[in-house]
Each structure stands twice: as C-alpha cells, then as structure tokens.
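In the two complexes that follow, subunit A is the common piece, with subunit B as its partner first and subunit C second.
Then we have the complex of A and B:
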C-alpha cells in the first residue's frame, strides 16, 4: 500500500499541495462571515454543473422540441420538476451570493493590489454568470424566455460598431428561431462552462496565493486571530454548504419553478412582463430614459466600478478610500432602490 | 486522602470516560445516519430521473400487424418492415409461404438482410448467416436463431403476429 502510494506520489506529487493546504490560514474576526460568500457561490456553481448535466439527459433543443421536452421533464420524468426547479433556483441564488461576495470584497478593499487580478477575474466570473443566466433563460422557449431574449439581443444590437453583426450571429438570422435556441444552448452548456471553469481556476488560485484580505480597520488594531484552513475552516465551509443545500432544496421543492406557455412569435408581449430580479434595476431605467443613454450610463458605471483598483490604490491620506466607500454605498443603495421601485411600478408603468 | 476516596474518584472518572465514549459513539453514528439519508435523497431521485421518461414509456406493445404489401413479392424475394418499433424481415418462399423474423442479428444487434443469390439471411456486420426457412443460425458468430414471427394469409390479407 505504502509502496503504491509512493509510486503515485512520484507521478503526481501531491505532497507540496498538501503541505500548502496544511499551512493555509484564515483570519477570524467580526467580519469573517463574508469570507463564506465566495464558497457559497462556488457551491451553487457545482450544483448548476450537476443538475445541468442531468437536465441534458432529457432536454432537446430545437424549435419543435425545446418547450415540449421541458414540459415532459416537468410532468412525465420522475423528479424532473425538482431537478429543473433546483437548477433555476440555484442560478438565482448563485447570482445573489456573487453580488454579496462582490460587495463584501469591495467594502473590505480586497480589490487593492496585489489582489486586483482577483477582483478583475471575479468581475469576469460575474459577467459570465449573468451570461449563463441569459442564455439558459431562453432554453425552455416559453413566452417569458422569448421576450427576454428578444430584448436582450436587441440591446446587444445597439452596441456601437459591432452590435448589429453580433446580434445577427447570436440569433442565427434576423429573427429568433431554432438556430437561436441551438446557439444559446451551445453557449450555455459548452462555451461558457469551459471559459468559466478556467477563470474560476485562476480566481481560486489567486485567492490561495494572496490569502483572505483582512479589513484595514481590523488589521490596524490586530483584532483578529488565525485558524488553519484545513480542517477547521474547511469544516465550517462545508457546514455552510449544507445550510445552502437545505435552503436550496426547500425553495425548489416548495416553490417549483414555473414554465410558461410555449413561445408564440405572433403573440403580443404578456402583461406585467419583466426580467429576473437582477436585471430589474436596468429594466426600470430603460423605461425612464432612452435606451442608448441608459446603456452608455450602465457601461460607463460598470467600467468605473471595475476600475476601482486603479482609482483607489493604497494611499496615505485615505481620502480616496473614503470616496470608494461612498461610491460603494451609493451603488448598493441605488441598485436596491431601483430594483424595489421597478417591482412597485410593474403594472402601472412609468 | 483515604483509600475509599481514591476508589470513589477512580470510579467517577471511569463513569465519565464511559459516558463520553457512548456520546462519541452516538455522535459518530448519528452523523453517519444523516449522511446516509442525504446520500439516498441524492441518489434515488437522480437514478429515477435518468431512468424515467424513455421514448418507449407508455407505448403500446405491438403483437400483430397486417402487411398486404408483401403479397406483391415474387417468390424468393424479401421485404423489410417495421414490427412495432423493431425492424423485421419477410421472405416469400411460395404461393402462401411467407417467413418473417425480427431482423435483429442475435450476435451484436445489427439489422440483417436477405441475400437473394445465396438465399440466406445474412448480417453485413460480422458475417452471420441464418436459414430463411427456420431462422436458424447456420454460419458465422451468431449464437442463436432469429426470433420468428407467425405469418397467416386469410381473406386476401397477410397477417403477421408474435
């Protein structure tokens, strides 16, 4: 047995990895709870991987079969409704925890060098997650999916210079149809998972290299202790995953994800139509101001947000840091407020 | 400290160790039990999900069909047809003499054909051959004869059944 292990070790040297894992430490202080958010996001991603592969065994893309196969999953396949419901719920919870993860990293100033690449890769993962959501949303080919995709692709078409061509390629023509489902399906189950996995690997590697960021206020007062990652923090992490799993299972079982009527390219948009909660703020702004201005606004704010490591480096005065905090609070409150107003004014219209 | 006290202490300590040991055992088995329940709650739905909703589910088992087309066959000719969801083959050997078989080779499941030259049912995949009169495997690797179907000509109709 020992001989076999050493032969294995010769070929795949896990010793140094084990050594690093044993030495890894996690700071514990009053804000440590935010360190779990990345882990929970990862957990939901893994859930998406497993349930997504399961759904692949029954889902059939194609304009004739997409809606019918999802309907079959919901009504004829044992536990099909549950697995699809988990997939939809976990998608939403994944977006939510990534948002929380991003804001907590922001307020802890975890974006500052040397962790700026971790910040950029994290934002890219958020972008990919939203793209996952957008492409997956079309696949059941129900009325909501149809209009959500139509709006999303139309917005893409207004991107300067490349927009029109990009939208044409995404749709596989001038209109949404079988090729659109096929292309979104390819992105959702092959292209995005491949890119996401690589970026996630980089993101996690960078986290291992630089360790958890301790907020400056706590670092100054040295108001923290360190515990080993293995096994102490890992067990805590797994326990949190168990809680996340239970919450997910309860939500998915008690509030099964609905399936609308099959997309009808002639039917007018249903009353009260709206996107998922994470697009509600943008949705509301689009009702208020003209689309190019709204998109330019979102594009520029997004860029500024992403560039925070550049405009808030570590400085002696701390003035920039205060500015960053205000920007963060304003962004968070603005996002929440716009989302709430968007829901409150759903039927009335602006 | 008297000897009596010492023994009492020893005894208390012993009892503590024992309850501690029992508690550990309980926790260990409790965790194993919970893990098993979670495992089952994962494996059972996944298995049932993968197993159900097959294309043949809820379908009707075909036991008899009418194949009047084959009445136009010349003697020594054959025709492929579908018996329910399965491929089948019919060969005319005389005026009212039809032989029908499920066309799935008993070797590895290819669909067989009829060689009008050699008058043998043959499989292109690995060279298996069957006697068209009986369906018996006569050459090559097939381990068993073809599944025969019954044929019956009545009132100008050709009926094929299991």
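Then we have the complex of A and C:
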C-alpha cells in the first residue's frame, strides 16, 4: 500500500497541498459563523453540477421539446421531480448564500488589500451565478419563464451602447424562440460552468494565500484563537454542509419545484409575471423609473459597490470605513425592502 | 356520528395531534433510551472508579428528569386530550380493546417516574448499590412503556387477526409489533446518544471529560445504524400492500391529489437519518474540541425532524383508516360504510345538531378529521375551479366501492343523494368565497 502511495506521489505530488492544508490556520471568534458561507456556496455549486448533469440526460432544448422533456422528468422519470427540485432550490440557496457571503465579507472589510482581488473575483462569481439563474430560468419554457425572460432581455436591450446588439445575440433574433433556448442552454451548461470553475479556482487560491480576515475590532483585542484548517475546520465545514444538505432536502421534498403550463408566445403575459427573487428589487426600481435611468443607476451603483477596495482603503482616521459601513447597511436594507415591496405590489401592476 | 365533532380550521385537527404527539415521541423515546444510557454509564463509571463521569451523570439526570417527567408526561396527557376531542370514536375503540394494557401502562409509568425521582434525589445520598438498582428499575419500567404502547400503535396499522377474532393478544402482538418494537428500540439508543452529545457539548471546552463524553455518547448511535435497516426491511414486509404502494407512488411524480407527499416525507426520513450519522462523525466524534452546543442543537433539530417525519409517515400509511379495516380516519366503521353507504347520513347519527345546514355538518363529520377548508389539505384548494355539479360528481365517485380510484387514500363518503348535494353546495360556496373574496364579503 505504501509502495502504491509512493508511486502515486511520484506522479502527482500532493505533498505540498497536504503541507499547505496542515499549516493553514482558521481564526475562531464570535463572528466566525460567516466563514462558513463561502463553503456552503461551494457546496450548493457542487450540488448544481451533479443534479445538472443528471438533468442533462433527459432535458431536450427546443421550442417543441423543452417543456415536454421537463414534464417527462417531473412525471415519468424515477425521482426526476426530486433532481429538478433539488437543482432549482439549490440554485436559489446558492444565490442567497453568496449574497450573505458577500455582505459578511463586506462588513468584515475583507475587501481591503491584500484581499481586494479575492473581493473582485467573488463579485465576478456572484455575477456569473446570477447569469446562471437567468439562463436556467428559461429552460423549462413555461409561461412564467418565457415572459419573465422576455422582460429581462428587453431590459438588457435598454443598456446604453451595446444593449440592442446584446439582446439580439441572446435571443438569436428579434424574438424569443428556439434559438434563444439553444443559446441559453449552451451558456448554462457549457460556457458559464467553464468560466465559473476557473474563476472559482482563482478565488479559492486567493483565500488560501491570504487566509480569513479577522474583523478589526476582534483583531485589536486579540479575541480569537486559531484552529488548523485540516482536519478541524474541514470537519466543521463538512458538518455545516450536512446542515445545508438537510435544509435543501426538506425544501426540495416538501415543496417540489413547480412547472407551469407550456409557454404560449402568442398569448398575452399572465398577471403577476416576475423574475426570480434576487432580481425583484431591480424589477421594482424599473417599475418606478424609466429604463435607461434605471440601468444607469444599476451600473453606477454596482461599480461603486465593486470599487469599495479603492474608496475604502485602510486609513488612520477610519472615516471612510464608517462611510463604507453606512453604504453597506443602506444597500442591504434597501435590497431587502425593495424586494419585499416588489412582492407586495406584484398584482397591482406597474 | 356518535360524538360531537371538533374542527380546527387552518392547522387542521390532524396536525394538532401530530405536533403534540411528535414532541411526545421525541421526548419519550429519549426517556427510554436515556433510561438505559444513564444506569449503564453509571455501572461503567463505578466499575472504573470514574467520579467525573458520575458527576456528569448526576447533572444529566436532572435535565433528564425535568424533560421527561415534566414535558414528556404533560405532552402524553396532551395526546389523550387531543385524540379524544379530534378522534373520539377511534380513541374509544382503543380504550375498549386495550383497557388492560392501558391500566398496566399507567402502573408502569407511575413506577418509572417514582424511580426516576428517587434516582435523581438519591445521587450522593444512597448507597451506590441501591442507587444503581433504582437505575435498573427505571430502565426496565421505561422500556416496558415502549413495549406496551408499541402494541397499541402498531395495532392501528396492522390489526391482523383481531379483525376476525377480536382477541386482545391478536391485536396486541399484531404483525408489525416486533419489527416496530426493535426499530423503536434502536431509535431510543440513538436519541439517548444525541441528548448525551448535547449535554456533553455544554461542558467547558477545557473540561477534561468533554472529549471522552462526546465520543462515548456518539457511540450510542452505532447500534441504531447497524441494525435499524434490517428491522425497517422487516417492517416493510409486514405492512399492507396498499400502504406500501401509497408510500412508493410518489417516486415518479410529486403531483398534488395523491399521496406523493408520503413518498417525499418517507424519503426525508432516510436522507436525514443518514446525514445525522455523518454529522455525528464529523462533529462530536472526530472534532470534539470544536464541537459546540449550538452545533449539538442542530443535531437535536435533525433528530426531531426525523422523528416527526417518521411518525407522520406512519400515521399517513394507515390512510384511509384510523384502525385498518375496522374504522376509517373520520371515525366511521368500515362495516357500517358498506351497510349504510347511501342512506340518509344523519338518521344514524347519535349526536347531530344540524341547524338546517346539512352540508356544513357533512363536512364537519366526514371531512374535517383530515381536511380544512382553507388551511392544511384545504378543500378549497383541491376543489378550485369546480362548481357544485362537478363537486357532486366527485363525491359520487367516492361511493363507487371497487371502482373508486381514491379508495386507498380516502374513506367513502356516506349519505343519501340529498346529503351529497348539500355537501357539494356547501363546498362550492367555500370555493367561490376563496376565488372571489369580494363576493363572499357581500
């Protein structure tokens, strides 16, 4: 056995990886619960990968086949409904945990140098996750998916300069149809996973290099201890993954993800059409103000958010840090409030 | 109907019993498991002269006493209250059939609680030998509780030969008695371990006993995982074929209107049971130093959900009966359902205050034990979009005996044509009130 391991080590040297894992230390303090959020997001991504591959065995893109194949998965394939339900729920939970991960990193000021590239790569991963959600939402080709995507692509068309061309490329023409499904499918199962995996590798590497950020107040008081990543934190991480798995299983089994009637492109949009919850705040803003202004607002505020490592570097006065905290609280509360209002006013129409 | 009906809108009467019963089962199974855990551990500690373990047990017994003798006992009484209000006919039948067993159970329970009180207050006061003996008395009586209650619980799903001979022993030692008893025994060990883990996780991080106790308690889950699969397999072999069909029909579809929810919840029992094993492995067993009480609470929550899901599945497996082949879930006797299927329903009712509203009374007596109007298993949801005629047609299907496709899920509806029409009219009004609330308000 030792001989076999040695031969394996000669060909693939895992020693340095093991060494790094053994030396890596994770700080433990009263806020260390937030350190698990990145790991949980990763777990949901892995679930997406596995269930996505299983769905691929049965899903058939195309106007005639997309909805029928999902319906078949739901009603004729053993545990097909479960796999789809897990895939859909995990997608939503992944977005939610990435949001929590982002806000926790923000409030811990984990965006400051030398972790600024970790912050940027994390934001890019969030952007890709949202694109995963947007492209995956259309694939069942039910009425809600069709009309919500139509609205989404129409909004994209209002993006200054490149909007119209981008929308045309996404649709594969002037209207949503077979090519749109094909393109969204290609993005969802090939392009996005490839880019996401590479970026995720970079993100994890940066986390490995720079370690976990200890909040300043705790660092000053040295009110923390350190535990080895391997095996202690890894075991703790696995424990939390199992909790996440339980939550996911309960949601997927007790509230199986529904499938609406097949999209009718000639029918008027049904009442209450809306995107997934993570787009609801933007959806509501678009109801309030004109699209070009809204798009400019989203663009600028997104840029400001992403650029926080630049406008809040470590300063002696701490004035900018306080500003960043206020911006973070306002963004978080604003996002929650707008999402809730958007749901509350859903049937009222624009 | 022989008793007044008590309907609970929203939650549903079934869930009222369910919530109390699940809490009770969770605590009572722990009471049985810990009843073995504590004296066995005491025996070990005395044999190896481990005063630290004895001190821990003393503390653990206090928690155990409060939880089982206060919450366990009061939730047990709560079950009696709730089932006698919601399912009076079935409760009366169980009392009549098993009055002897209930009597013994009460006596056993009295000894159980008394011995537990002596056991707790006797720590450091009694001679070790006597204290240990009282611990064994508690263990035996607590397990006897399970031995007795298991007979009555399993009887409801598999009454076996009792249906023909009405013999106490046939009903008590029914086909699913032994697999269920063995399965529950393994669960009691697992719950004893989980609660032990929780208690040990509350010790200071530097406490010398902490790691040992966490690992020791974790090992109490091993028997459960080694043999429960065998007992579950045995249990599945003896439950009625229709119940098994009901449990598996959701594999290829999760649609509403069938019992796919049973498949889904039963599946959760398996999944969560498996994750608890890994949680214990990665938490208290392999990583005891970093295992906190907060994490232990997650384990207990998972254990509670598994208990709840398993008990819920067992209850739903009986559908459409309260006592299989004898009494339907709405309290109607199966024999009477054949004889009086299409006769005016309230002519045979010993307790009926109609106030002229036959439809509402039909709903209360025949539907409300499983359905609510707008809450859990809401009829306004299932019947959405249907008018009176369509609802009436559906009700007539429920009277078609072997041709009734819902016969494995729902009891037949009893009543004359006028009764069915009255019920259909009542339900149509309720459905329309939900669809157009403004109309209902007028």
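Everything below uses one rule, namely that the second predicted complex is superposed on the first by the 348 of 350 C-alpha atoms of A that agree within 3 Å, B and C clash if a C-alpha of one lies under 4 Å from a C-alpha of the other, contacts with A are read in each partner's own complex, and residues count from 1 in each chain.
Just so it is clear, a residue touches a chain if its C-beta (ideal position, glycine included) is under 8 Å from a C-beta of that chain, and two chains touch if they have at least 3 such contacts.
What you see is a predicted model, and the numbers here were worked out from it, not measured in a lab.
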item	value
First, second, both or neither for A:78, with subunit B first and subunit C second	both
First, second, both or neither for A:28, with subunit B first and subunit C second	second
Broader residue contact with subunit A after superposition on the shared chain, subunit B or subunit C	C
Subunit B versus subunit C as contact partner of A:54, first or second or both or neither	first
Touched partner set for A:250, first subunit B, second subunit C, both or neither	second
Partner chain(s) touched by A:259 [first = subunit B, second = subunit C, both, neither]	neither
Subunit B versus subunit C as contact partner of A:239, first or second or both or neither	second
Subunit B and subunit C footprints on subunit A, overlapping residues	76-80, 82
Subunit C contact footprint on subunit A (complex, rising order)	28, 74-82, 85, 227, 231-233, 235-236, 238-239, 242-243, 245-246, 249-250, 253-254, 256
Of subunit B, residues touching subunit A in the complex	45-46, 48-53, 57
Residues of subunit A defined as touching subunit B within the complex	54, 57-58, 72-73, 76-80, 82-83
Subunit C to subunit A touching residues, read off their complex	251-255, 261, 264-265, 267-268, 271-272, 275, 278-279, 282-283, 286-287, 289-290, 295, 298, 302, 305
